[in-house]
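Comments concern the structure below.
When the chains are written out, they are named A, B, C and D in that same order, and each has its own residue count from 1.
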Amino acid sequence: MTRNSLGYLVREAGRGLTRNVWMAVASISTVAISLFVLAVFVAVSANVNHVTTLLQNEVELRVFVKPHTSRSVEMNLLKQARNWPDVRKVEFFSKHEAAQQLKKEFPHQQALFAVIAKSNPLFDGYDVYTGSANEIPQVAQRFSKEPIIHNVVYEGNVVSRITRLSHIVRWAGWIVEALLALATMLIIVNTIRLAVFSRRREIQVMRLVGATNWFIRWPFVLEGLVIGFLGAGAAEAVVAASYGWVSSAAAVSVPFWPLAGMHLVIVRTSLFTGIGGFMVGGVASLIALRRFLRV
Amino acid sequence: MIRLEGVSKRYANGHHGLMDVTLTVNRGEFVFLVGPSGAGKSTLIRLLYGEDRPTSGQVVIDQFRLQKMTWRQLPRLRRQLGIVFQDVKLLPARTVYQNVSFAMEVVGASRKEVTRRVPQVLELVGLSRQRDSFPDQLSGGEQQRVGIARALVNQPIYVLADEPTGNLDPETAADIMRLFLEINRRGATVVMATHARDLVNQLQKRVIAIESGQVVRDEVKGAYGYDA
Amino acid sequence: MIRLEGVSKRYANGHHGLMDVTLTVNRGEFVFLVGPSGAGKSTLIRLLYGEDRPTSGQVVIDQFRLQKMTWRQLPRLRRQLGIVFQDVKLLPARTVYQNVSFAMEVVGASRKEVTRRVPQVLELVGLSRQRDSFPDQLSGGEQQRVGIARALVNQPIYVLADEPTGNLDPETAADIMRLFLEINRRGATVVMATHARDLVNQLQKRVIAIESGQVVRDEVKGAYGYDA
Amino acid sequence: MTRNSLGYLVREAGRGLTRNVWMAVASISTVAISLFVLAVFVAVSANVNHVTTLLQNEVELRVFVKPHTSRSVEMNLLKQARNWPDVRKVEFFSKHEAAQQLKKEFPHQQALFAVIAKSNPLFDGYDVYTGSANEIPQVAQRFSKEPIIHNVVYEGNVVSRITRLSHIVRWAGWIVEALLALATMLIIVNTIRLAVFSRRREIQVMRLVGATNWFIRWPFVLEGLVIGFLGAGAAEAVVAASYGWVSSAAAVSVPFWPLAGMHLVIVRTSLFTGIGGFMVGGVASLIALRRFLRV
């Protein structure tokens, strides 16, 4: 592409965008709005994943040691377990610590603790965290084969439900994200097609005076790219601003639920809006033009 | 050389545009197409630059056999042609100057050539004063003259003009006709559909009369031939 | 009665359309507007039906003082007029029949009247055969005649025609001119901008010549008056 | 409106929609897609609310009775509490039942249960459910004033967090729903504006041959209504079909999480899509036309 034709290209695209300012605004805002919706969803989904990850940091296995095992044997197994590749973290607790925890969880069962204080019926044990949920069974089995182990307890019903749910939510998130991305894409394509449609006569005249298809196409593609880019930029700016606001608000009102970092969210959403806007904008122009070049 | 061989054009709604037309126009000729409204003059011209395709028959212009050309190849042909459309077909978002320069950019003319040639052609059709007006800021006749300037700016080998003086007063029409004659004198082949009886009678050029899609008369030094 | 008083029209880009035009057209007159391309003929006609507004001066048609009318009131005026536009302005999504019948629906004509009158008018302009064609399926002259049919179908009191024969062959043009004369004979006031020198010279009607936005001649039994 | 002009209206709108089938498809599909996204969100939000309601059905207060209180006195208070307007449900449990439940929750703490079995240190008590979360404190106070009550236990940390979260999620849901509805509205308005834009010449010609503004507007409004209606219908059909599928799939894979009923979801989403499509479609046409009627 020569300097001359690059100038032509830029001038043409500029003309297309500025001649009907109103139409450019309509296209760009439609793109921005639909990308914004997509970005909001991506941000929400990033947070769900974030929470899921945090949930996985909760205890996954509780392993109890047979009574009357010596502390040094227990520490030995602890060291060993720390080297297992599928064990992310493992922590030892004595039966005294277990009693303390129980006391904390049921502060009002005074009578119960009176009993425990007299002769502690609880066990020493380990809190075990695996790399991922699917590794739980194999780790559990490995522990239960150790001679000093009394039994292995999977996490309670509630936590397992939450984990399972969060898996489903995560998956559903991906599916909905994909669907939404598709929907956004279609909206962008339709919008640009409608915009191109109102200029069909112009395109046909260009053909009739001898312009080649690419001579006609390039400015439209550039225009589509610019519309997509501006739309994506606007969406991303609003996302960044409002996410900043939401996360500082959340830090006050739901301090126990840390939102995913701004950085992560911006990267993820701009990945989507960038592709959705910039790429699709350009491709949409190509698609939109096709029918009007057959003259 | 333009050659039509047994060309018929039947439109999708069943109307006949042309029926079995055979004719040859040699390089350098000046040909008037005359005939009543709806005779098929525009249809014939549209077949020449490939906006329509004949239902049957062959259209050949020099090395281009039109029925064998794909959409992508048509621009190659059209760059040899200067076309004045009956409905003008200006680009609404461009000024007079830009409408004309666009035709040069299409063929890849250099910037220098464009800035030299466009004002020259606008001067010829009497539109220097309107160079920065948009089409919807022009009178009907001014629009038509922009279309003529655009057709002539590339000094085409073939000029196809479909009623180029319909919206012009007789004086301006005569000026424009002189312009086409001058272009023809320099070697361009001109095919012009027109209703300008006086001009046709005056110029004594070849006249092809079309009626109901058929060539009914083809005279080398002809007259308009319909007397109201 | 049509009355212009000191009417000037300066367009947004600084070009002058009309400069200080004062004239009166009485009920029942037949007036030709002539003048070179870009003189201001169309500008004058556009001021009469309110598409443009004068920069200064007064335009009055019967009881309508145009500069006092809002957008909402204009339809009341336009229903008294039959307008032939220079660029035809057909509705692209309607057939010939529907384009003409639309003008009747607009004024609230009954279905019966529409089905009686439309074919009659199409017959008058010679388009019976094309009644179901869409505008882009018509030749230039056929489109123009649809525009004429639409203007005349409501038997308007005023007919404003802007170069109604520009795309017609001389014979058809003469037919159409006879149609306007007939309408005028029945009482309609006709204002026609035209370049058809022969017809103007032949008919010996009032001729108003405009040049560069100014009335330069106003003769009761005038001639076209520009000799090429 | 006479029969004649009604015929005109319908014919005109039909012409507008059928003449450029492609453009009608683009508009309708854009409307359908954006309404679908809105509807999906409404459906999700309905489910979140549903779950929130279900969560509120979990025990909110646990009230323990002083040891050695007679069963008839306990039953008396139970009857009384059932008549308190802010108590939705109240259930009695004996200390034996409490022990059973503990056993179920910690099935592996055999030693502990050996102790409990010998001399049950637990209490009788009530599980109390209030109408809403804000009523918990007043109900708790009323119970604690009763002479037979030993102490009142609020729900655990986790459940209170979830409740609090679900409140926030519900609110956030409303806000996002409103934003999304606005976004959808803007997309529909833009789409119809773009569609009308490509017919601006036609509108101006109608004005020039003497049509009044309403004569021109009505067909466009009807067209907008039809586009909105068809878009909403398509979105709703897809929502209904896919929601049916999702809820039957969910019944298998997450049986513990009952989805909100189809009926409820359809009613809520069609409320949104109906207003979003039908109404906005019509109004958008009006807005879109305005600029082209000034001729």
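Assume a contact is a pair of C-beta atoms (placed from the backbone, for glycine too) under 8 Å apart; a residue touches a chain by one contact, two chains touch by 3 or more.
Nothing here was measured: the structure is a model prediction, and the numbers come from that model.
Chains making contact with chain A as well as with chain D: none in this assembly. Graph distance from chain B to chain D, where chains that touch are one step apart, equals 2.
Per-chain Cα centroids separate chain A from chain C by 66 Å. Chain A and chain B have centres, each the mean of its CA atoms, that are 61 Å apart.
Averaged Cα coordinates give chain B a centre that lies 28 Å from the centre of chain C.
With chains as nodes and touching pairs as edges, the resulting graph is a single ring in which every chain has exactly two contacts.
Listed by chain label, the pairs that touch are A-B, A-D, B-C, C-D.
Chain contact summary for the complex, chain C toward chain B: residues 11, 13, 15, 34-39, 41-43, 86-87, 130, 132-133, 137-142, 145, 162-163, 166-174, 195, 197-198, 224, 226, 228. Only residues 22-23, 26-27, 29-30, 33-34, 36-37, 40, 64, 105, 108-109, 111-112, 114-116, 119, 121-123, 151, 153, 156, 158, 161, 164-165, 168, 176, 179-180, 183, 186-187, 190-191, 193-195, 197-198, 253-254, 256-257, 291 of chain D touch chain A when the two sit together in their complex. On the side of chain D, the complex with chain C involves touching residues 4, 8, 15-16, 19-20, 201-202, 205-213, 215, 293-295. Contact residues on chain B toward chain A in their complex (touch as defined above): 49, 51, 71-72, 74-75, 78-79, 81, 83, 85, 89-94, 102-103, 105-107, 110-111, 150.
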